[in-house]
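Below, chain A partners chain B and then partners chain C, in two separate complexes.
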Partner chain A sequence: MDKVGIVGVGQTKYERRKVGETYPDMIYEVTVKALDNAGLTIKDIDNVITVSNDFWDGRTISSMAVQDACGCRHKDISTVEGDGLFGAFYGAMRVLSGSFSTTLVVVHNKCSQSKMNLITNAMFDPIYTRALGLDAITSAALQARAYMETFGVTEKQCAKVSVKNHGQAKNNPYAQLPLDIEVDDVMKSRVLCPPIKLLDASPITDGAAAVIWADEKAAQKAKAAPVWLKGAGHMTDAYHLGDRDLARSPALVGAAKKAYALAGVSDPLKEIDVAEVSDVFSYMELMWYEGLGFCSEGGGGQMIDQGLTGMNGVLPVNPSGGCLSANAVMVAGLARLIEAVLQVRGEAGDRQVPNCKNALAHGINGPCGQSHCVMIVGR
Partner chain B sequence: MAEWEQATEDIVYRGRIKVPYQWWVGETGSHFFIKLRDEKKLLGRYCARCNLVFMPPRQACPRCFNKEMAWRELKDEGTLVSFAVPAYTSELHPLEPPFAYGIIKLDGADTGLTHLVAGFKEGRLKTGLRVKAVFKEDRTGDIMDIRYFQPV
Partner chain C sequence: MGKRTAIVGTGQTKCSSARKDVNGQELINEAVRRALEDADLTLSDIDAIVIGNMDHFEGINYVDTWSVDGSGAYLKPIIKVTTGGTTGTTVAFAGYYHVASGLFDKVLTVAWEKNSESDTTGAIVTAIEPILERPTFGGAINAMALQASMYMAKYGATEEDAARVAVRDRKHALNNPYAHLHLNITVEDVMKSPMISYPIKYLDMCPRTDGACALIFASEDTAEKICPKPVWVLGLANRHNYTLFGDQPLVPMITMVEAAQALYAKIGITEPLKQFDVMELYMPSSYSGVQWIEELQLCPYGGGPELIASGVTDMGGECPINPSGGVLSTNAIGATGSQRVAECTLQIMGKAEQRQVPGAKMALASGFGGCFWSDLMALGARKPG
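Right, the complex of A and B next:
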């Protein structure tokens, strides 16, 4: 694989309600942070990808509306409507194409400005599904039940993911919801839609993030040593929930296989040092262990029971606290990638995993993880 | 921090987005909804190459990309593949609690229809349950012509 690496990263603090900042304000903040982090100026950037969602922003061409704030004027731009990791995937491809040497990727989302379930309801087909009132929580509950009943995964095992990730968030200054909780607290939290309870679900979050990709030559100009993209894969599943086997994630299996093949990874559990996955609901983290090949199909519950994915486990997952501790939806996947980069650099502070050479970032898009993106970054 | 930045009030502009919209159902969907409205019949689309019946119907097979599909009449009964009973209220919910979202594999179909389940005693739903469609009296040619599915 040709070389493309990340030389700069920037994130806002993730918060429940960023009432003091507009979308452009947040994008300006993360753009400046990423440029400073790279030791570059906006003049060094030759193309930009903006990632956003029109429904959440309450306007059309939401991606174009933040372009002044990320220095796009008179630059080549493109846009992605999807998770931030998919934007990063596209940004990396633009450099790999040879047409560009530095891509700035920015993403923003404020979930506080509207009503979450009115927006997530709109992801469903308007002719066959939307009138039912299905939303992100009820659709996830359909998947959680299918997954948990198929493989005998328990609510307590899911609760352990919440306890782990909220606890790990205490080491992440950007996280919104660091919590000292126990399994019992999750089990007794308000029931949203069985088997999902409040502490099984990610919070409502505002935030933004940015990364800068560079080719080998442009990376020499940056002050930070590049963290190279070693492998990436991307795959989607059917749109209608009833077309899919909701207990399994073949699209993630496929995306991971592609990423591992490019990165030369044959045993992910041994060869990946840290993983940041999109745990939008607690059960999802267990499903993604399986899809990513960290354990066999149906083995996610045992994996959390054995503590294999805690900070002292064989493969720490979500040292940042994951989406359960901050989920500015479109931003989530790019936040995972930024955390992976910080881990490889050894700059992850109190959440640092020792001797991190290969880090994995995972993003999802669409209802119940319809599509998946997997990236491996390292030195 | 400059003096002006120490404002004690953050102004919020409150608006509402409301846009009338018409979704054109298309020829395939229209046939499905006319049969539902006029005859209380549920039709799936059969792909002979894949030997699969898809519900809801679609113009072309999403698996093999073949457009030569045929209509197949399905039973108005099926099996509950998964369900979810919301414990919160929302202006989006079309039924009074208790009701559930369900994925229902109708007899004769290979994929599940996502719809509503009602008419059950609380705590009595389980996957694998047999359910049957309850149709609306005055049908208008949309997915809510099925009021919900209820346990057989």
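Right, the complex of A and C next:
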């Protein structure tokens, strides 16, 4: 793989409701921030990837709202519909193709303007499963049950993820929900769909994010040292929930295997210094530990019990606070990648993991983490 | 640097106004199976998949993960790309960049639409800026009509000039078994057809179609082993400059002017009419068929009507346009751009049967959509240097 690296990042503050900002307002903000961060101007950008979703935006061709705000005029451009990390991966491919030297990737979502249950209900088959009322939360509850039953993981172990990530968010000025909470608070929070309670679930968030990829030559012009793409992989599981073993994530195993092979990682727990994973629900973080090979199958609960993924653990996970602390859905994966970049740069402030050389970012698409993207970045 | 990349297989479904015999996944699968058969590959050979459509036409969210049973993406990488009408070319572009990146050797792309399951205009209306422009530019036809009127006013082109394109493309479609409409019509028929939005009449406009189109891209490492005549991607360019219709210069349509300049500069095209043997162009109305060939530099501005009337773009002419019958004969919106690429591929492979342009070696495919956005992809028999 040729070299491609991130030279600029930009995020809005993640908030419950951005009343004063439209989609293009948010995209313009993060575009300018990413360019400033890289020390580049829009003239240095030679192609753009926007990421958005027509259902979440309530607009057909949702990308049409932001074409001018991302400065794509006179440039090649495309749009990925899905989690921002998949968009970032496609943006990197376009540089690796040799056709472009830089790619700007932007993503936006205003969940405050959307009806989550209707929008995620539309992921399900219109004939067989949609009428059951499945949505992101109810399907995740099925998965949480399957996972807990199969491996004996407990609600309290899941709650510990929420305590950890909300606590870590206190050090992230962009996070929406920094919280000082204890396991008991999570256990006593309102039940959304058992076993998922309010504090096991990510919040409703508005926000946008941007990154700039550059090849080796273009990276020299940027003021920040590039954080290189070491490896990446993506993969999807079966569609119908009944066709899947919901307690396991073979697609994540496959995506991680590909990313690790490219990055030359053989023991992720030792070789990765920090991981930002898609903890849309608290149980997911534990499942993804397993899929990412941080522990053996069923070992997620013990990992959190032992504190291995806390800020002082062997592999801190979600120092940003994760999706549990801010989840502008399409933006989530790109927010993970941006945190990974900041950690590798040593610019993560009070949440900095010391000596961070290799960082992992993870994003999901579809119900119950059906599709995964894993990316390793580092020096 | 990137890998040289070729198309080694194409698969198109039967297209009609309502494919009630299949559901969405089955429609996709019909195209996927045909592409795999065409390339003599199996699903296990495919390293990654790209899919695209317009969500609100079928009302399915996260189509990439939904598609698995039809696209064959089980335990494979898949992403969804979508850009409105340009989706089909956007999908093909993504297939190219996946392979050219060196990360995937063989990539399957699937572009599709089942318009019969939607209120097409109802969905398109929501694409338009809700406060400033939705009341004026609702739907796909009105903006096309505005551009057509501006073009006619500027160059004195007539409704008959456009009707000739409608007749040409429908005549070409008679030779294409995949085409949705098989209409043997005259200029008079077009002129007498009901007015939809002046100057666009019923027979000037594309239909709405159910259909899917799959392509298989392969790198220079394997393309020639898979396929006796791989069709190489020579270059591609697109421009989606605008968000608001009111900002957009429509005559000439600046996105296509810029995309053509960028593409032609990249691959050394100075006389497109001579250098390309055939073109498959996403022209949703007969008026675009007259105007946009000017942006593509096939003739001077205002020269479109004369070039069409000369027969140069008919079958047997110097550079036939839309041997497939084009978008005026088939418009499964998300698939339409990919169908243009597939038809160019068939021409260069020599597999276009009754609609074959003899000796076709270089072809141009275009995509159109969104806020007057333009995509261009050039394909050729000769491996790029």
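Operating definition for what follows: the second predicted complex is superposed on the first by the 379 of 379 C-alpha atoms of A that agree within 3 Å, B and C clash if a C-alpha of one lies under 4 Å from a C-alpha of the other, contacts with A are read in each partner's own complex, and residues count from 1 in each chain.
Simple rule for what comes next: contacts are C-beta pairs under 8 Å (C-beta built on N, C-alpha and C of every residue); 3 or more make two chains touch, one makes a residue touch a chain.
Here the structure is a predicted model, which means the values were calculated and not measured.
In the superposed model, A:I77 makes contact with chain C only, not with chain B.
By the touch criterion stated above, A:G20 is placed in contact with chain B alone, chain C being left untouched. Residue contacts after overlaying the shared chain place A:Q370 against chain C, while chain B stays out of touching range. Within the superposed three-chain model, A:S266 lies out of touch with both chain B and chain C [touch as defined at top].
Looking at the shared chain after the overlay, A:G58 reaches both chain B and chain C. Using the contact criterion defined above for the overlaid structures, shared-chain residue A:A122 touches chain C, although it does not reach chain B.
After overlaying the two complexes on the shared chain, residue contacts for A:T154 are found with neither chain B nor chain C.
Once the two complexes are overlaid on the shared chain, A:L246 sits against chain B while remaining clear of chain C. Once the two structures are superposed, chain B and chain C can be ranked by residues of chain A touched, with C on top.
In the superposition on chain A, A:A131 makes contact with chain B only, while chain C stays out of contact range. Residues 58, 125-127, 238, 240 of chain A lie at the contact with chain B in one complex and at the contact with chain C in the other. Residues of chain C that touch chain A in their complex: 1-3, 23, 54-56, 59-69, 73-84, 90, 93-94, 96-98, 100-103, 123-127, 129-130, 237-244, 247, 258, 262, 369-371. Chain A meets chain B in the complex at residues 19-20, 58, 117-118, 121, 125-129, 131-135, 137-139, 141-143, 145-146, 149, 190-194, 238, 240-243, 246.
Across the complex, chain A meets chain C through its residues 1-2, 24, 53-55, 58-61, 63-69, 72-82, 86, 89-90, 92-94, 96-99, 119-120, 122-123, 125-127, 232-240, 250-251, 254-255, 258, 365-367, 370-371. Taken together, the chain B residues at the contact with chain A in this complex read 10, 12, 15, 17, 23, 25, 29, 54-56, 62, 81-88, 90, 92-94, 101-105, 111-116, 127, 142-144.
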